[in-house]
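Across the two complexes that follow, chain A remains constant while its partner is chain B and subsequently chain C.
This part shows the complex of A and B:
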């Protein structure tokens, strides 16, 4: 994959040089990543990038800088692939940041400037950053009865003590040696992960436990998809009871707008939502432990109502309840019923009754 | 009322006639009592007035003689608040016997009873200065002149205030065989020399702008300053015209009736006025109810009033305007360019127009940017018949016209009804055979609607030229900025591309620079249109 990407990079450079030689304003063609060009595909349940592209000409004041930045990154990645080394997107940013001669202008001012250019390049070349040898910031931990091989090392996810295994940003080359699990439980919060890990939940219920630490990183999303696709493991997602939690579930399930070009690698359309649902609050008597939702929460919830993959009666009911009660609750609210309530009562009951939202 | 009477006579009256009609002493006495009205209110202003009167005379005489003016001005300090002033020109000079009359008697001059676009409009100029000199220092004025006849006249003159007659202190004609023409006048006065806005230097500088064909040298307390000639062409010679009935005042009409050579009212009207033919003259008589055969000298006051009113009622052609001699855009530009260091100049000359029967013409110019201070109000230079007006700016029609023109649409900042702000100098020149000053000190124009309208039209045209230039400048700056952006990124792009493709870096760079040149060299209004307006998400995942 990387070699193919390297070839694409060099071809792109040749295309541009060719244009320059013909005295033509050189351009980069970048698929548009906005609402107008990202659609949810009902068939596979994933967000997909449409056909609309914008041409970024170098001799256009609005694009000249981005054009220059794209080529800087392209050249940098070509070297990474050639030398077969990987680096983080942060490291790349520092590597390429420099002041342009006789100006106060830097090639990149902040990482916020270089990050979207990486996605531009990915979409232009129809590849993934992993193939460009760029690593997203790592985030996410995993534990379970699984043995894998990573760069030749055998790793047992069941024997990593209290910390669990930290999921790398590229999981493409991981080989699964042994997978002994019935399902995957994804938890939004690392604190929640630690609670379940300490209670040996994964052992008792024979599952793989993944903590995402907020919005899941690409490596984590890819790992979830691989476990789901390659071992047919059902994926259940546990988040806070608020709009943001539902959005995290949505990204895991259908992909995100910004990375719509990679939904096929990152999305898990069969994932199910285990909790916390707005109706859980009443059901488990957690009313006293809820928090007042902000205007922003409500606005976000109203947007969720319109998502095509939430157009079913269960989700419509739950989201409307969230808007109506104007309350939200963290996973930790369950501790009101005892610290082990979540591992001993809440989750087992849900799993047993198959009480999931689609 | 003596004063006003006398001053009303400025227009169209000979000194002789004046003398008959009035007590001669009144003129000089009047001056003594009312010198503030004539620009001699204080030593600072007096110094400027003396220089101004003498230089104006010199410029007029050289122009009359059709020679490119060459003028020397000296202001030499002589103790506390005292100056020796010397002005010398290369005009035609003056014949020996005329000198005492021309300088030793107030209201004597070649310009009475004719309307002509000249600087000095009455005979108060030089003799007024002489009178001021003798009033403040008690010394006579020296006049030296020659008419290129090999003889030079020397005079020391004073004015007898009681009789308004020249008092010759000394007189000599030397057959020195020198062939030169011109006049040199030297006097001592009480005066104060200042620098800045209303100084002699400012007056000379502004004079140099509207008289670019003149060479002026000034030797002042700060050393020698030369205003070099910037053009070798004189404006056309202004023609004399007779007064137009619409422009005349009752007092003047009465005096004209008194001194006319005509034997009948009809011939008085046809001979002494412009645009009055037999038909119009008969009509005036008819409307006034006066007999066309009346002897004009015998017309009584109440009859003159009837005549006066009738003259305004009868339809007449506008006065001829070929009597005017504007600088025209070319000379105006040359004047501005030689004295002001700016990045842009423009000039506008309006076609002649008429107010109250008096032909006039407005022209204006602007200098923008360069060394002109960007802060503060725009400097307004006002001129009447090429003479700078330095006082009473706020009361002047020119200042009012500038303030009530909307400059914001032409690219200058301006708060409502005030003088605009920015790095510019605006010049307005009002040319007329009869300049409507609001007071006798001749420093501000009266804001007649016809005059305001013409000045504003001229300024608007000037504004359009300025805004056109500024728009072009902004466009050029935008293109330079645009080019700079590309030039900044080209080395990085070339380096990356060369590294990836192994194509020679310098070659890519040169090609890119060539495209940049093509893309930014030509003015392309739509240079930066987007293929598709995209808003890509900036989320970092």
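This part shows the complex of A and C:
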């Protein structure tokens, strides 16, 4: 993937040199990322960028600076790929920040200037920052009956004790050597991961267990998608019963507005929601263990109600219940029924009855 | 360690039953944790709880509720140890929350009530919550020439590809099978961990690399201490050049006020600070890559100035420089000198010249 991106970077440079040689004003074509150009594609179930594009001409005072910055970053990323090293977007900013010779002009004033240019480049080249060798934040842990090859090491996700494998920010180069699992269970909370891991849930139910530690990092979302796409593994997501939990699920499933250009690499449209649902609260008698929803929770829940991919009776009913009761519940509330209730009753029942939200 | 704690829990129960049988008002003796009872012990270099204790009598309306709560949690933890399962303090709260029969009284109203009782129990029994089988938050990654045994798995920290081993919240039961390293390098940022990991820094310099992702979790601090104590490995800490970074170092080294009762298990008094220092900014010409310190940064720096373990000329000079220049710098600022500057120049020079702050 990086090699392909490298070629695209070189082609971009050739295009510009060519324009200069022919006395044409060089320009870059960048898809517009404002909300008006983000649409949910019903066919593939992903948030996508539309067709609208803007042209940035070099000989236009409004664009010249961004033009210069884009080429600087393109050049930087080409070097990263050639030298086969990765770096964070913050390191990149520091590395590229300088004063242009004989001027008082800095290449970048703050990182707020360099970050969006990376996305410009991603969309212009139709690639991911991972292929530009730029690191996103990392968090997320995985365990399961899987063997992978990564940087020459053979890693067995079933033999990592209580720890688990720390998911890196770039998972493009991982080779799956053996994948013995029936599904992927994604859990929002790392403490929940530890509980399920200790009970060897992934062993008993032959699944891959992924802890995201809140909203999953790009590397984790990419890993979920790869397991889903390459091995046809169903993905079930377990979050708190609150608007934030549902949003986490939504991002895993359909992608996010901000990263709509990358949905195809990061989203898993076939993912299903295994819980906690507002209905679970009643079903499992957890009313006493709920928490009052804040105004912000309710506001977010009302937004979720309008998401195109939640326009089905199951989600409408659950989200409306959330708004009506004004209560939320954490995954840990299940512990009120016993510490092993989640691993021995709740999840097995849901899996057996295929009790998922779409 | 858990077995020992189990015995202590049983002894506590025996003590109380005995008091009841003898018609004595049962009581619990809890060390006082207010700041007046926290002192830095110059001899061992750790923040410690003093001798002051309070007695909580059962037949005292002011204490009866806490007394009941303490015994509930003690009983819960004894079961956890017996069944050999671990759980988070939040799961525990949900599991123990109930309405007492024939009353309107709940065992706990919120988690704010159960959390401090855990610390009461830790101090009363002179143990760690890890030995009570209660999980703290987990984060932190490790790589290096080390083999460990954990839950029956043999794990090689040098063969985990780009990921690394995710450090669990309880590291008490880890057995070190092979430790081939000269020192431990702790880095505050996970992106920095990835950079150093990709450059195989731990291989070239024969060290153990630990990424903490901000203020290290208890499991990570415990792991650092175990490596230091059991294998006499020097520990070097790399953080941002700002008051928060220095505070992270301070907590790794001397422990924290809030967990003063656990310093002996969590602190590593011989740890040294490898950077970034305010002096580094000048030395490596990073002035242009610094950030303006906020009022809060300056306030915190002034507090650091008074810490007993920073009463040496090196730290006084550096912290005063931080306050005087009103500038801070991130680890990533080193990338202004080249992406590999940190691994090929900065760290090797510091290690060679033993340029550490105490």
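Everything that follows uses one rule, which is that the second predicted complex is superposed on the first by the 291 of 358 C-alpha atoms of A that agree within 3 Å, B and C clash if a C-alpha of one lies under 4 Å from a C-alpha of the other, contacts with A are read in each partner's own complex, and residues count from 1 in each chain.
One rule holds for everything that comes next: a residue touches a chain if its C-beta (ideal position, glycine included) is under 8 Å from a C-beta of that chain, and two chains touch if they have at least 3 such contacts.
Just so it is clear, the structure is predicted and the values come from calculations on it, not from any experiment.
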**Message:** Under the stated touch criterion, which partner chain does A:288 make contact with: chain B (first), chain C (second), both, or neither?
**Reply:** second
**Asked** When the two structures are overlaid on chain A, which partner does A:151 contact: first (chain B), second (chain C), both, or neither?
**Response** second
**Asked** Between chain B (first) and chain C (second), which does A:97 come into contact with in this model arrangement: first, second, both, or neither?
**Response** second
**Message:** So in the superposed three-chain picture, is A:107 touching just chain B, just chain C, both, or none of them (first/second/both/neither)?
**Reply:** first
**Request:** Using the touch definition from the top, say if A:85 reaches chain B (first), chain C (second), both or neither.
**Result:** second
**Footprint overlap on chain A, comparing chain B with chain C** = none
**Complete:** Interface with chain A, chain B side, in the complex: residues 482, 485-486, 488-489, 491-493, 495-497, 499-501, 503, 508, 511-512, 514-516, 518-519, 527-528, 530-532, 534-541
**In the complex, chain A residues that touch chain B** = 9-10, 13-14, 16-17, 20-21, 23-25, 30, 32-34, 52-55, 57-62, 64-65, 67-68, 71-72, 74-75, 78, 89, 100-101, 103, 105, 107, 111-112, 115-116, 119-120, 136, 215, 217-218, 256-259
**Fill in**
Per the touch rule above, chain C residues touching chain A in the complex are 80, 85-88, 90-95, 97, 99, 135, 137-139, 141, 148-155, 159-170, 173-174, 190-191, 194-195, 198-199, 213, 288-289, 330, 332-336, 338-340
